[in-house]
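Which chain is which? They are A, B, C and D, in the order written, and residues in each are numbered from 1.
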Amino acid sequence: MAIARGDNWERELSEFNDWMVQHHLTPTWAYYAALVSKEPNVAYGPYLWKADMLGSVIKRAGELVDLARGGERRSFEVVNPDLRHIHGTTHTIGAALQLVQPGEVAPPHRHLANAIRFIVKGKGSFTAVQGERLYMEERDLILTPSWMWHEHGNETKDPIVWVDALDYPLMNHLQLSFFEPGGNQAEIGSRPVGFTANRIGYARPAWASYPEDIPLVTYKWSQVWAGMTALRGDAGSPYDGILFEYVNPMKGGGPVLPTIGCYAQLLRPGEHTKAHRHTASAIHYVLEGAGHSIIGGKRFDWGPGDFFMIPPWAWHEHVNPATQDAVFFVLSDKPVMDSLRVWREEPYANGGHQRVTETFTPMKWQ
Amino acid sequence: MAIARGDNWERELSEFNDWMVQHHLTPTWAYYAALVSKEPNVAYGPYLWKADMLGSVIKRAGELVDLARGGERRSFEVVNPDLRHIHGTTHTIGAALQLVQPGEVAPPHRHLANAIRFIVKGKGSFTAVQGERLYMEERDLILTPSWMWHEHGNETKDPIVWVDALDYPLMNHLQLSFFEPGGNQAEIGSRPVGFTANRIGYARPAWASYPEDIPLVTYKWSQVWAGMTALRGDAGSPYDGILFEYVNPMKGGGPVLPTIGCYAQLLRPGEHTKAHRHTASAIHYVLEGAGHSIIGGKRFDWGPGDFFMIPPWAWHEHVNPATQDAVFFVLSDKPVMDSLRVWREEPYANGGHQRVTETFTPMKWQ
Amino acid sequence: MAIARGDNWERELSEFNDWMVQHHLTPTWAYYAALVSKEPNVAYGPYLWKADMLGSVIKRAGELVDLARGGERRSFEVVNPDLRHIHGTTHTIGAALQLVQPGEVAPPHRHLANAIRFIVKGKGSFTAVQGERLYMEERDLILTPSWMWHEHGNETKDPIVWVDALDYPLMNHLQLSFFEPGGNQAEIGSRPVGFTANRIGYARPAWASYPEDIPLVTYKWSQVWAGMTALRGDAGSPYDGILFEYVNPMKGGGPVLPTIGCYAQLLRPGEHTKAHRHTASAIHYVLEGAGHSIIGGKRFDWGPGDFFMIPPWAWHEHVNPATQDAVFFVLSDKPVMDSLRVWREEPYANGGHQRVTETFTPMKWQ
Amino acid sequence: MAIARGDNWERELSEFNDWMVQHHLTPTWAYYAALVSKEPNVAYGPYLWKADMLGSVIKRAGELVDLARGGERRSFEVVNPDLRHIHGTTHTIGAALQLVQPGEVAPPHRHLANAIRFIVKGKGSFTAVQGERLYMEERDLILTPSWMWHEHGNETKDPIVWVDALDYPLMNHLQLSFFEPGGNQAEIGSRPVGFTANRIGYARPAWASYPEDIPLVTYKWSQVWAGMTALRGDAGSPYDGILFEYVNPMKGGGPVLPTIGCYAQLLRPGEHTKAHRHTASAIHYVLEGAGHSIIGGKRFDWGPGDFFMIPPWAWHEHVNPATQDAVFFVLSDKPVMDSLRVWREEPYANGGHQRVTETFTPMKWQ
């Protein structure tokens, strides 16, 4: 078993390594750093999109995009510059703004991707999920969970704008893109308005279980906000202030979807949260207020209607210097990290606050 | 090993058996029937208490019972004649009516027994549970779960009547009667009105869990009834019509208490349910309507304000012959049977209906 | 609303109370103490049965009891003197010793009661559960869970003695005595030896789940004891020494039966545990060693083959003064307390040890 | 709201689309097909690596790779040609062969990636997990779950070869590569041999829970194979024959790791399974037998020591034409699909068998 390692050893090993790669084998000894790293080399940075640009795009899309002439949706994703190849806002979630003109209807369909819808402007439109129409007002949330039939329509005289978010970046990576158009009304079923609410309250039919395990209801902002304001005197989270998580009451709590967590976040006047980092990524849509967040030492100034996102394992803290509330609607892939048991979180040392080394300059509409 | 069994064998065995009993041993061969039976030899029968008698007792108790002069509660249990020794309505649950006069207050206390409270008359009184005041209107339900502090008061100008139900018959049999008076306000804590509701809605504080695992809220009748009436066109349960179970949303469903299940039951005009029997016992309080139930072949006529109960493993069916709804509030020990995995249920053969062989004659106030 | 309470008030109230009782109503104000107590008034005390008496009874039963001439089982319960009316060792569990002569067979049957079997003497007999034969050696445990078919036989040339324990005292109180003889072999099914073991190991058939949720296997003493002795250097439980609980691996742990917990307990030479009390009752069968337990201030001396039991909420501690191990097989109703969420436990103050005020004198065979 | 769409409309829309992309917005109407597809456009195909090439590489690596002169491990991944950029055998799992020479030791470390180890050749080496040494023989399996300390050593006189599999392709995509070297023995703890086995058997210490929720034991092949052969007369899975899944008994079953499922698979002589496809990917290591699998219409011939893999949503069936058993050790990412609730499976129509349109030609060592 004596091994002859002469002067040629390094060259022989190098040739062997090359040969292996050509034969679809990776020599761990040569590629160890590519397989594992001490901490994540996160493939993308933070980013922010300003409301004025987004609003101009919505307006222009309203003029130019004619669903009758092609184009499934009058929606557009906010895409991280580093994730352009997967059209992702983060590596797991794509968030979009969608404009639905009066009278427009989307036919029923379903996809394996999970999705949520959060109303930004307008009221009275509906999304039907599994055949049940859910009517939505501003800041209401509805879910269209994986493989559940859904369709929508705007029966009002005013345009509707909502945030759509899907986990297609994750699903596509997992080779899981399934889509089915649903012409067959019988297959979709038809449930009366209130079907779900009448079955999942504090008292429930004893003779039949509700057929879904996620509640197909409108999560009313009025109810969420009532809880948040009632608890505004509480210490809250040191990292997030008054952070409420939308939950699944069919399971006694927990995230609304297996892959997407939804939150409403209140930064009280003058609040400056402590910095931390964690293995989840997050997308913030600003509902109210003006302030800034420091992400990886870089300052991002935000105001109403802006989108900004935070990559995994990036230090981040939020500042509301104003005398009025700052309120976000937030999306996160924390449920994935929890399911796969890889949630990790770390507080920032040094008093909890980063030094700002740079300020983000947003792109503008010209 | 040959055994000499002469003419004396039977006598010898009999003497041996007696000797064993004296020595605190039970010879199974002699007492097998006492240990096990093919079907339960249920120790008590069905019973019914009429509203007029109950109302007269409430009135008289209001005149005679002076809490200042002794007597913890102006309440009285409806007690099965066969269960007088344990003061039980069934072998597991004791149901009572309680009258709280204007201005009366019960000091805080807790017990290992689980309890519920269902308002029969009056509104505006409160029960505080774990220091949080819950205000109640007619037909609202509140829970005072095992070992949770509770107190109550009537701040209105009118008397309040409610149904109180506890599992003390079961708890006492299990040697579990614990009681603690609670003078120490600090120990009880003091939670503002809305403490629970603001923490257990469809969105919840992400930084802190609600400290209980049973929701300390008022289960509003208006919400329960809205669901029931919306589903009145449904087939419902063949045995119980439109039967709604009060659930624990902190656990995604399931019974409100580990030992007591609560139900609201609607028999639609003309509805005659099929008979079945099961291992749980049940107590019915009639809210509306007039009809009868057939329990073990015996007919029990009921009207508003009556109490009646059904023993375990007794055949029973319900008849609402009228043109208006019959509505019950129902208590059951089914959660115990489910936890111990001994729930059994059997439909009645012969077309599902018993032959009535007897009619129950209720006792009267004289 | 002015109430006339003249000189007759006390008499009137008393008459009213009596009248209520006659009408099957319990006036809480008069019977409060019967409904609730500060701490349990436990209805029975501790007790102990000596091995020599039990052995003599087994011997005599072997001579006198002829299953062919009537008598379902050659077994006898050890019955608490205060629980004679329910034939219970405690209020929830009845423990018995059973002698099975060579060649004897018990036909298949099932009951709603849960049961366990622990071999005291002999090997090679079998109990078939759900049609699968489980062979048993000394100190092995098998389960016959609620409503599962079981039968047994002794195919060896030697008598077998085992401890049988059932929850019939609890089941009977809950009105749950169901029994079914099983002549129909097809209904029972026939599973080969090893049916269970081959399906519930560390790797399991991916195409079909094991049909039970409790493992129908022989819990081998050799495996249990290996774990216990390996951990004998551990501190163990301050109240129970090296206490191992038999668990249900189909559920990832937890009690073997919904109503009966099984334990193996080792008191190391010189070990004197601290006293505590709890809401569960327990039955101890002494396998090895000689020592005593102090229960409610009373000393109970035990040796191999003795049975003794501890009521709920009784202070108890164990002493092994010898230079060899003391080993118990223990039964408890703790699973019931856990399911119903009424488990409570309290350490004894005053250094953890009771003062012995009395010594128990066991009954003898004469 | 009339929109002027002149002859320039198409050009204007096109310019708008381009402008959006430059501003980090994706116009859904133009990129819909990139976001969603009717069925997955799976990014990689099936592949197979022959034992003779793998064996030659092991031999040569044994000669050339000197751990003392750099290179963390003498292991090499089998890498799908389409997944070279992520060094993955599939998109979620990387499988490798590792050679450990006599006397070699790997120092303790941990990573967020989950891993397994399956012995191919040699016995007597150990892997220590959380400080407990687990000794392994051929075909035994051990787990090194996420973030648990592990190290290994070969104290024998013979080289050891094992299959290592990690979920680093998934973890890296999720931005979750964490690694920590573990010099600190105190931090790692030191558990005696048998620590786990003595705590997680059919009886467990009642005073302390086992500190992990995944059992750190050696999954013995002898026990797995005993179950499989006992059930070889069973129908088994129509798609996989006698397929056993390694489970987590701490959870009552379910996958051994949150991201990697492990299986042992037996194709009986003459067995030809039906084709199906599903959303999980799989990696097969052939232990015994010779036959072929048809994956996406392509025939892959395999024998002992070969690796082959099946992409998600590819039709596949297995054929064992021989008179002896074919046995695989199989890895799958099904647990991820189950956790995220996106497991889907479809049987192949047309009698269950694909038409072979192509035969795979493996690469050779030259």
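Heads up, the rule we're going with is that a contact is a pair of C-beta atoms (placed from the backbone, for glycine too) under 8 Å apart; a residue touches a chain by one contact, two chains touch by 3 or more.
Computed from a predicted model, the values in this text were never measured in an experiment.
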In contact with chain B and chain C alike are the chains none
Whole-Å distance, C-alpha centre of chain A to that of chain C, is 54
Distance between the CA centroids of chain B and chain D (whole Å) is 54
Per the C-alpha centroid definition, the whole-Å distance linking chain A and chain B comes out as 46
Separation of the C-alpha centres, chain A versus chain D, in whole Å, is 29
By the touch definition above, chain D meets two or more other chains at residues none
Contact graph of the chains (line, ring, star, complete, other): ring
Residue positions on chain A within touch of chain D in the complex are 3, 5, 9, 12-13, 16, 20-21, 23-32, 34-43, 47, 49, 53, 57, 60-66, 70-81, 84, 87, 91-92, 94, 96, 98, 111-113, 146, 166, 168, 171-180, 258-259, 279, 281, 311-313, 336-337, 339-342, 344, 363, 365
Contacts from chain A onto chain B in the complex sit at residues 194, 197-199, 201-208, 215, 217, 219-220, 223-224, 226-228, 230-231, 234-237, 240, 242-253, 263-264
